[in-house]
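Two complexes follow with subunit A in common, the first pairing it with subunit B and the second with subunit C.
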Partner chain A sequence: MTSFHLKATPADSAPLPQRQGARARRALSRVDPMRVVLGALALIPTLVLAFLVYKIFSEAWPAIRFNGWSFFTTKTFTMGNLYGSALEHRNGQVAAGGAQYGVLAFVLGTLLSSLIALLVAVPVAVGGAILLGEKLPAVLQAPLGVFLELLAGIPSVVFGLWGVYSFGPWLSRSVYAPISHLGLPWLSAGVSSNGQGLLTSGLVLAVMIVPIIASITRELVRSVPGNTREGAAALGLTSAESVRVVTLPFIHRGIVAASVLGLARALGETIAVLIISGNALNTYPVSLFAPFSTMASTIAAMLDSALTDSTGMAVHSLAEVGLVLVSITLVVNFAGRYIARSLGTNVPIGRGA
Partner chain B sequence: MSPTVNLSTGERRPLLRPGTSEVAPTADDIVLSTQHVSFFYGDVQALSDISLDVHRQEITALIGPSGCGKTTFLRCLNRLNDMVPRTRLEGQVLFDGEDLYAKSVRPIDIRRRIGMVFQRANPFPKSIYENVAIAPRANGQRGNLDDLVEESLRRAALWDEVKDKLKSSAFDLSGGQQQRLCIARAIAVEPEVLLMDEPASALDPVATQAIEDLMQDLKRDYTIVIVTHNMQQAARTSDRTAFFTVDQRPEGRVGVLVEYDDTNTIFTNPKDPRTEDYVTGRFG
Partner chain C sequence: MGIWRRLRNVGFWTLCGLAALAIAAPALWVLYTVFHQSLPVIGWRLLTHNTNAGGLKNAILGTLWLLFGVLVLAGIVGVGSGIYLAEFAPRGIGQVARFFSDVLAGMPSIVLGYVAYITLVVQAGWGYSYLAGVIALSVLVLPYIVKTTEVALRQVPTALREGAAGLGMTERIILWKIVLPPALPGIMSGVIVALAISTGELAPLLFTVGFTDNNPSLALTHQQVPYLTSVIFTNLQLPDPQAQYLSAAAGAMSLLLLVILILIGRLITARSVKATRRMAL
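Let's look at the complex of A and B:
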């Protein structure tokens, strides 16, 4: 009897001869190997995350020493003269001459573009999903649902191309240019002919995250007990009132979770934003129409040149940018969890009708 | 004889009312009257030729075996079946003499006058107070609804149990309390008729007793139509009883109304042998 019992019961092990070690073997046979394997598998994502954060942190460490606090408070991000002989020394770290690294403009760009995306996408996605789940006949629901899922799967570079060749120029011509003539603060400066800028990026990001939020919300809407919805109808409530008193209270926690997922996607979106942002460096976004940069797009844009920095500080600093991005994403996630929990009534989500 | 004056067709069809009433009801007596109602889910017929009058301030019980269409019939009375796609009703349902299914009638207006309590309690995911106040507010009542909420909860015999926790979630209540909350919610809009679809089937005997007492109390102001599987409940609580059954036809199983009479007659001296078999427990 050396093999494990998958389901060891006392009756199974009782006939074992009572010699030394039998008790230990019995204890061992009660360990369910399936639990061990699954437990180990469940740990993997946590370990991967910890490992990733550790590696980025250690890559960024020289930059953290070199840049100090000014990294978070300045907007100029330049690698300096990579081909000159002069070097910059600070805190025992060495960088190319004239190198200066500040992340603030990118942080603002990331947060603002994602915020625009969220503000536009959440109402559209939630409204659309409720419409899809409650108002449309079943024959339309299925194909539109598939369409939504397909939209979620389109590579972001395609969205970027669409933004820069079609959507952006149209916005610039038909929306930005007329509005900028009004001379309103935040709505005038920096209009480019192909529309590259903060608002265009935010809107394209919105288009990208609508399918994510909407497809999750659609599932949530489906989980609302039909029985409760009928209760609202039987009281003579209109469908709008029914959405307010039945659907939304049942799904609002899930909407927060879906929005956080969408926001995380927007925060980390790289290539589409790189194409549409206008990639403005060393400047705060001067208006909603003006070019800007995000953390993710800057890392992608600069990595190639950064690798030629013989001091390595450019790559270290980009790693530090990545570290800030990861931190913000984590904070957003935890904040979302907190909000979802604080919204919590004891609504029994998913208890069918 | 039932009123046929308001039929939009103007046609006077003979009313095949099964059973007889001792007293011929006046038009005023009758709140709801279905005339030759047949109901279809897609191509499947669920009800065939149901004609039945519901009398004011009485409790009318609908009994019968599973699948006989009692609940479907009940849901025809407030047009809740409109929510189910591809359904169709033939015949007429008159509410205070008006055609309930006329083109000009909005289901929402009907449902504000004909309330419903469901088989399983279905409170809204809101506070106890909000559950009761939502419909009156949606109907345009402004200002302080505290009195109305208290009154409705009192009439539903729930006030004493919840008065100190009106702000807490309706889901914190027990099943029986939730069902009484749903009754309070329904009567807060002062409907004329209250439809009850097996309101006590998921409740324990104590909660069931509370609901039945409540029905007797509500009868003074409302007309109640109740679907029940429980024959003792029908016998205890109702004034009139309609017995439905399933008719095996070549095209399928269809719900039909076998007999409709005073509850006493249905349970002691039914005219149709099928009714007798059912109420004496030889069937179903």
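Let's look at the complex of A and C:
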């Protein structure tokens, strides 16, 4: 303020207390209770996340000790004889006699079903969204948005209901049965009458994540500036060429981001898969048509009976399954976010609805 | 135009058309299955009787009661958190909190259910209860509300804040009178989406709230709560056709609830577009 007053004068030192008062007042206003409350609320998601990670890890810890590396190299997941008196001791930990825990079959089930879902969903969602975004009259865009939003919001248990009553039996009858007669590898064994299995689950997961990817892609298509499209048309490009030259370069990063979101959803999906997977235990899926299990569906399916294990090791082992699931989901999330950011975009958050 | 280019054009759009069909057809099939399967039991009985008497009254009430809890808990925490991140957070803290909130959004819902079960139902000793379920659901949708609130607030032009500060308004007045009103529709539609997600979730509730054929009580702990997605899941596995019809009817009911929530959200968003236009003028 007094930049021309270079020398200290008595007049300068006089207002000092007042200035200190102002500073104190400013410091006080910085601890405005409203800010404190809001700041505390803003910490909650971080604290909850920290607690979740800590809790799942500490719950899994006895199982990590008990199972050792064989958890990651074996496919047999059995709680042993919960009603016998024999106990299994290993690495200072106790489990029911005959208990053995391996996660490999579930990891494979989760990855395969999610991969099928992604491979089917991305082309369908992107192709459909391009058509809807480019060709559909503007009047119909808003109702279409509501429709896609509704699809994304359909409860996963409803997809399970559809899969087990309609889609699965139809697939089994009209698709799997004829194909399995051909005796092709991966495409013959294990067909069940209601179609419960790997491919059915992958396809249902695809149906679940298509609306997520499609609605994001459609928004992206609509955000492409109209004059670039007009320019392409003026150069004599067909509308398909215009999509390739103009629209796709604009939206491909966003498609990657949307696909990551869809994949994350498929990896963590529990209830629909629980209903449609057939819950095969202790085995790798023998074919695309055969029953299988995922990590998420196994936790949901076994938690009830695991509670009857008086040694607690069954519940701890399910926590270890959860820990693996969380790790894979987080890696996909981080990798996706990293890729998306290096492409100059962001992964939207959300569970689809 | 060459014949090949023309053919490729037609071919491309045919493929896109098939893809669009592949989006719509399964979805319509799902809706058809649910409504067709529930036809035999559709009627007022669904609204007037409880699940043990072929109705859904207790499950509908329970779902609404759970949604109310999520609205209060996740609403307060999420909106407050979003306000802080958009308006007050120092750069570093903001980035960290935002990052972890996004990570939380990626947590598999069954893991939330597991931890909620171990911590709240068993260790806290609440048993299967309303509060355990509301907390699990709230954690699930919290990141969503945080994000939409922050985005809605960031869309309010900085000029408004500067103008208000220039007129000598305090921080608090600026927030309540200047910044929040135009952002409110955006915030509310985010909360509505969170409620829509909660309506359809089962994994976090499966091991936290239990189920009962009675109406939900107002007790926060030690009382099980009935809800729609549980009816779908449980009855689906029963051999009795009547139970299976009820399962589908519960599905139809949760879809109806979903449509209502989406329409409310759309109405609010439409108003928010108007509000934004007003601000721009």
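Assume the second predicted complex is superposed on the first by the 291 of 353 C-alpha atoms of A that agree within 3 Å, B and C clash if a C-alpha of one lies under 4 Å from a C-alpha of the other, contacts with A are read in each partner's own complex, and residues count from 1 in each chain.
Throughout what follows, a contact is a pair of C-beta atoms (placed from the backbone, for glycine too) under 8 Å apart; a residue touches a chain by one contact, two chains touch by 3 or more.
All values derive from a computational prediction rather than experimental measurement.
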Partner chain in contact with A:P225 - subunit B first, subunit C second, else both or neither: first
Between subunit B and subunit C, more extensive residue contact with subunit A: C
Touching partner for A:G153 - first (subunit B), second (subunit C), both, neither: second
Contacts of A:T217 with subunit B and subunit C, given as first, second, both or neither: neither
Partner chain(s) touched by A:P249 [first = subunit B, second = subunit C, both, neither]: first
Touching partner for A:T238 - first (subunit B), second (subunit C), both, neither: both
Partner chain in contact with A:P137 - subunit B first, subunit C second, else both or neither: first
Contact residues common to both interfaces of subunit A (with subunit B and with subunit C): 236, 238, 241, 347, 353
Residues on subunit B engaged by subunit A in the complex (per definition of touch): 78, 80, 83, 85, 107-112, 115-116, 118, 120, 122-126, 130, 134-135, 138-139, 169, 171-172, 182, 185-186, 189
Subunit C contact footprint on subunit A (complex, rising order): 29, 32, 34-35, 37-39, 41-46, 48-52, 55-56, 59, 123-128, 130-132, 135, 146-147, 149-151, 153-162, 164-167, 207, 210-211, 214, 236, 238-241, 243, 264, 267-268, 270-271, 275, 296, 299-300, 303, 315, 318-319, 322, 325-326, 329-330, 333, 337, 347, 349-353
Residues of subunit A touching subunit B in the complex: 137-138, 225, 227-228, 230-238, 241, 245-246, 249-250, 345-348, 353
Residue ranges of subunit C touching subunit A (in the complex, touch as defined): 1, 5-6, 8-9, 11-13, 15-23, 26-27, 29-30, 33-34, 37, 76-77, 80-81, 83-85, 88-89, 93, 96-97, 100-115, 117-119, 139-140, 142-144, 146-147, 171-172, 175, 193, 196-197, 199-203, 206-207, 229, 232-233, 236, 244, 247-248, 251, 254-255, 258-259, 262-263, 266
